[in-house]
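Chain IDs A, B, C and D follow the sequence of writing; residue 1 opens each chain.
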Amino acid sequence: MLSAAVIGASGYTGGELLRLLHGHPELRVVLATADTQAGSPVADLYPSLAAAYPDLSYSPFALNDPVLNGADVAFLCLPHGASQAIVPELVTRVRWIVDLAADFRLRDASLYPSWYREAHTSPELLDRFQYGLPELYRDQIKQANLVAAPGCYVTAATLALAPLLAAGALEPTGIVVDAASGVSGAGRPSKPTTTFCTVDEDFTAYGLLDHRHTPEIEQNLTAAAGRPAEVLFTPHLAPMNRGILATCYARPADGATPSTESLLQRLHDAYDGEPFVRVSERSPSTKATLGSNAAHLTARFDPRTGWVVVITALDNLVKGASGQAIQCANLMAGLDETTGLPTVGLYP
Amino acid sequence: MLSAAVIGASGYTGGELLRLLHGHPELRVVLATADTQAGSPVADLYPSLAAAYPDLSYSPFALNDPVLNGADVAFLCLPHGASQAIVPELVTRVRWIVDLAADFRLRDASLYPSWYREAHTSPELLDRFQYGLPELYRDQIKQANLVAAPGCYVTAATLALAPLLAAGALEPTGIVVDAASGVSGAGRPSKPTTTFCTVDEDFTAYGLLDHRHTPEIEQNLTAAAGRPAEVLFTPHLAPMNRGILATCYARPADGATPSTESLLQRLHDAYDGEPFVRVSERSPSTKATLGSNAAHLTARFDPRTGWVVVITALDNLVKGASGQAIQCANLMAGLDETTGLPTVGLYP
Amino acid sequence: MLSAAVIGASGYTGGELLRLLHGHPELRVVLATADTQAGSPVADLYPSLAAAYPDLSYSPFALNDPVLNGADVAFLCLPHGASQAIVPELVTRVRWIVDLAADFRLRDASLYPSWYREAHTSPELLDRFQYGLPELYRDQIKQANLVAAPGCYVTAATLALAPLLAAGALEPTGIVVDAASGVSGAGRPSKPTTTFCTVDEDFTAYGLLDHRHTPEIEQNLTAAAGRPAEVLFTPHLAPMNRGILATCYARPADGATPSTESLLQRLHDAYDGEPFVRVSERSPSTKATLGSNAAHLTARFDPRTGWVVVITALDNLVKGASGQAIQCANLMAGLDETTGLPTVGLYP
Amino acid sequence: MLSAAVIGASGYTGGELLRLLHGHPELRVVLATADTQAGSPVADLYPSLAAAYPDLSYSPFALNDPVLNGADVAFLCLPHGASQAIVPELVTRVRWIVDLAADFRLRDASLYPSWYREAHTSPELLDRFQYGLPELYRDQIKQANLVAAPGCYVTAATLALAPLLAAGALEPTGIVVDAASGVSGAGRPSKPTTTFCTVDEDFTAYGLLDHRHTPEIEQNLTAAAGRPAEVLFTPHLAPMNRGILATCYARPADGATPSTESLLQRLHDAYDGEPFVRVSERSPSTKATLGSNAAHLTARFDPRTGWVVVITALDNLVKGASGQAIQCANLMAGLDETTGLPTVGLYP
């Protein structure tokens, strides 16, 4: 049995880690930190976890906390920027780290000031983190000690487009990723934009042109295509708790003769051996992935307009966050990749 | 006071006409037909209308109904195909007709078999119907006796793109319209795809590549551009009662040097005199239009990827259906165009 | 045309007053105060109101504001306690005041410290305020200059039970009022208990045993019964924007021989002449009242268990707040009571 | 490994059994019948189950189906009345049967015609079925071959009140159970009362005075009290997928001197050893039980009005249906009662 510390365990991705790790036979939670909740029982903030963690209380974060230093894995569920501040020291104390924030996802440190409005404070560590998308980088994750797990939008867009770009089927430029997210993607703290009465019965776009996850999508698609990818990403907020649907539009590569069948076949080739990715002709529904680590995909080619459409649905808190982080930790720790991860969704 | 007949008054667009006409000082409902509800009080199906129509019951539809024949305006709120069957006779009996279905919206009769899977049964009448989008065809509607009012998706996409195409600012091909609709767009009858437990907490795309409203969007944009427009349209279903958000992607025309400011300026030029269309820098929210005849728009140009994004929000049952139909009827009848139409939304 | 000042116009009841007054032919908004939003356009906070108030900005509240002093009616939409602070001075400056808070609703000043945890600072004014439930106190409201309009839960419970108590049909003690409210009842400011992810897909009771509106319900029912009424009130939070449903349980009075028919008849007798209250055998639905000033009621007698059940549905922001306030203002100003008030709900 | 047949596996309780049994280490699904879906893959109806049951298709129900006859446990998830028709034969073929319908829940056959409007067709079997609420009848269930598992409302009300009645703390008459349910309680088939646009943003009572589960609640409370219990039960429909909240009102027994503390203590005494029931001072939230087999309870005594309030929250499809059925099957089969049952909810 390995021990896990959840750093930043009061937010939704931290809470989801606690939920999933409760069902994990090889990873046991020994520490849940949350400075704002320090001292209070986890069950007070999350009554849903009361039976699982009757005696666990939030701790303040402290680098020299002996429980933290004795942990095998640390999952970092902190706001952007906070991981950078603690990782330089933490890497010397914990065997495996999975960061769920964006702090170590971009290879090019210069993208941080332009997209995140602040320079990276530990750029020398960027190269030491492995990007944690198992479907693309499984072998590298197995060798890694430090993993930066991608988030919901990027996972959805990358799973949709990377195999088709890698196969040379699509142009890497002119891509549009139009996506909708449930509200949990905005985090647990209350704010005017996510009160029930603001969000319920509303659908709206946000982050027009400048959403921070754009360069990460481009980084992944560039790697897949072998040449620079360019993406316009438009996220929307949908009145639901969880779920991401990414509807991606791209052009066939010059000389390609695509069809819906050939696109689906390439996705099947890429994913039919994957435990968590499912390709079908059916239009994916976020609800079918609720609570599971699954990603559902489909694709179409429209001969009339020449557009390729690829759609991914997943649960933003599982395959788009905490489930993916556990999947990476499983690989790093030499466990079966699927250990403790649900493939079945809650329905309805 | 003019008299109005609502044909097909048990569905949501019919019910919405009854709601709006109750507040209309010049149009009085004299007939509400619904074969499946014939004989039962309107208030039984719509308790929300009980105070407005305490004594109104649904009638069966009959061409020779004297009440119908004495009506000044007939609003047709029927399933696709049903208007074609009755209009050839109805035109001889009622002074003004507004059809809310797609039966008389396409100029090119050959599009019906390819997109609606059945030939038009009265193609000779297509030319006699005026397309009912007042912001584009106000003068023609004033002269018309027969109007085909456009629906929610098409109104949203057309308002977004037509002025920019007419100004030569956009390429008319390669356009993507990615839209989300509330569930009332699917109509009142119960079906497996619209039960609460299917839709709630779900977001999904439907009608991939072949949604029937595609050729109508293309017809409008072609007219605006003066050359053939080509659109890929992807509708999604969002877990809310009402509302359409259309996020439209297009390329600047060759030689154009667009900017967000210039795009917004063109939209302001087109719409600042309009009573129901509002342009702003703010990302439109469907909820801000709830229950009103308003359409809210914004636009962006992304110099990084070269994409133009234009977004429209509106209430699918008001500006996207029954409000628009009344707006047309007002124009046809020589009334002030805004008579009886709310500009203020219900919030929250 | 009379002029109206909305004091505290950034919250939901203030916003709803702006919405409703826009359609009021005799009352014109001349002032909207909101200290936290002072200087910013109303349309920025409420895009739904943009077309109605293109030039209105929030003002800071100032007793000597000449616009306020020139207003005919002031509607106070302030947090509990704030009205007490300004009313002693305001009564000398404005002709009619309608307070939407609880500050002047209770006749017995000693109830404030026990239920609101603070003593009333202007108890001498309590007698000068008329309780603003037109269905019970129409004539008195017509004579009043100062009205304390009741809120959503109290209106629902009082409309349900007062006529039956007044008729001697029910025991005034042992009453249970079990009610559910939409989230807008909790106000606009964001807080952990009303974020979307907390509330959506949840149903929970709150304010167990000690909700502040309990003594106000008892005050009304005591007045109706002519002897002390005693009520246990349990509110619940339902995942919806608007709406109150109050399910009220009471015992028949000693010697009464009730039946569902006789209960319904008494309610019909009380309300059939009322413009906004509708009695029927149908189980009331909050949705049927959405956006309207309507209250829908039904009643049952269960011969098996001896319980009487009376149910009211209404829109908490209209008949439960801002619509009721306008109804009172209409009466005070000698206007037709229904002026500017919708009787028709938005559906779906 | 034991084998399980799910009879009526296309509905929500059947689908939930498939979800839960996928995670059960000792029970394997060998048959899923659904006459209306016969031949089609389970994954077509429930894409959420695709990864769990890639090769399972619905079978038509046939008593002589060898797979059925070889099953260790049959779970019956059929509409009321259908179990009665097949159980007389099925009992000779399958070792353990858990019926999730009401067919074998009532001891008194005469209650069926009065509450279910049809006589029971196999009254002789009523005595052979053990009522399947493990918290009350654990030892009897262990000995049983035939179990009738109670549903959501009854489980919630019984868990709330039975221990207090058994302890003599409450009067068994004059009880009010006011409850709200998510929409999945109405089943999967589409109907006008459960379309999204009917239910969303609505709260309404239904089944006034005559809901079928009333006599079952009374049966359980009578057994607990040792004398006839009498309950008025009012269910409501809330706009959410899952969840039951039962708010129960009762009077202290004559001579009892209750307090909130003593009520909570009695509930703690009854349930602190239970794996799935959790008592606390906190007002229970349905959302905290989502997807888990948990029931959360609290209680209050109001010295002012003399009422006792006890509240239960649970997931209607898990502890209120399929989870409870598996809990019973575990007991019958000699397995650990908690095998395969989640105690942790999905949040948010």
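The rule we apply is simple: a contact is a pair of C-beta atoms (placed from the backbone, for glycine too) under 8 Å apart; a residue touches a chain by one contact, two chains touch by 3 or more.
Note that the structure is predicted; figures quoted are calculated from it, not measured.
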Chains touching both chain C and chain D, listed by label: A, B
Comparison of B-D and B-C by number of C-beta pairs in contact, larger one: B-C
Cα-centroid distance, chain B relative to chain C, in whole angstrom: 36
Inter-chain centre distance, chain B versus chain D - centres from mean C-alpha coordinates, in Å: 46
Multi-chain contact residues (two or more partners), chain C: 12, 184, 197-198, 200-201, 239-242, 284-285, 287, 290, 348
Pairwise touch network: line, ring, star, complete, or other: complete
Chain B partner contacts - residues on chain A that touch it in the complex: 173-174, 176, 178, 180, 182, 197-198, 200-206, 208-209, 230-232, 234, 236, 238-243, 245, 247, 249, 283-287, 290, 300, 302, 304-307, 309, 311, 313, 348
Of chain A, residues touching chain D in the complex: 12, 15, 19, 22-23, 46-52, 184, 201, 241-242, 275-276, 278, 280, 282, 285, 287-292, 294, 296, 342-348
Complex interface listing, chain C residues touching chain A: 12, 183-184, 188, 190-192, 194-201, 239-241
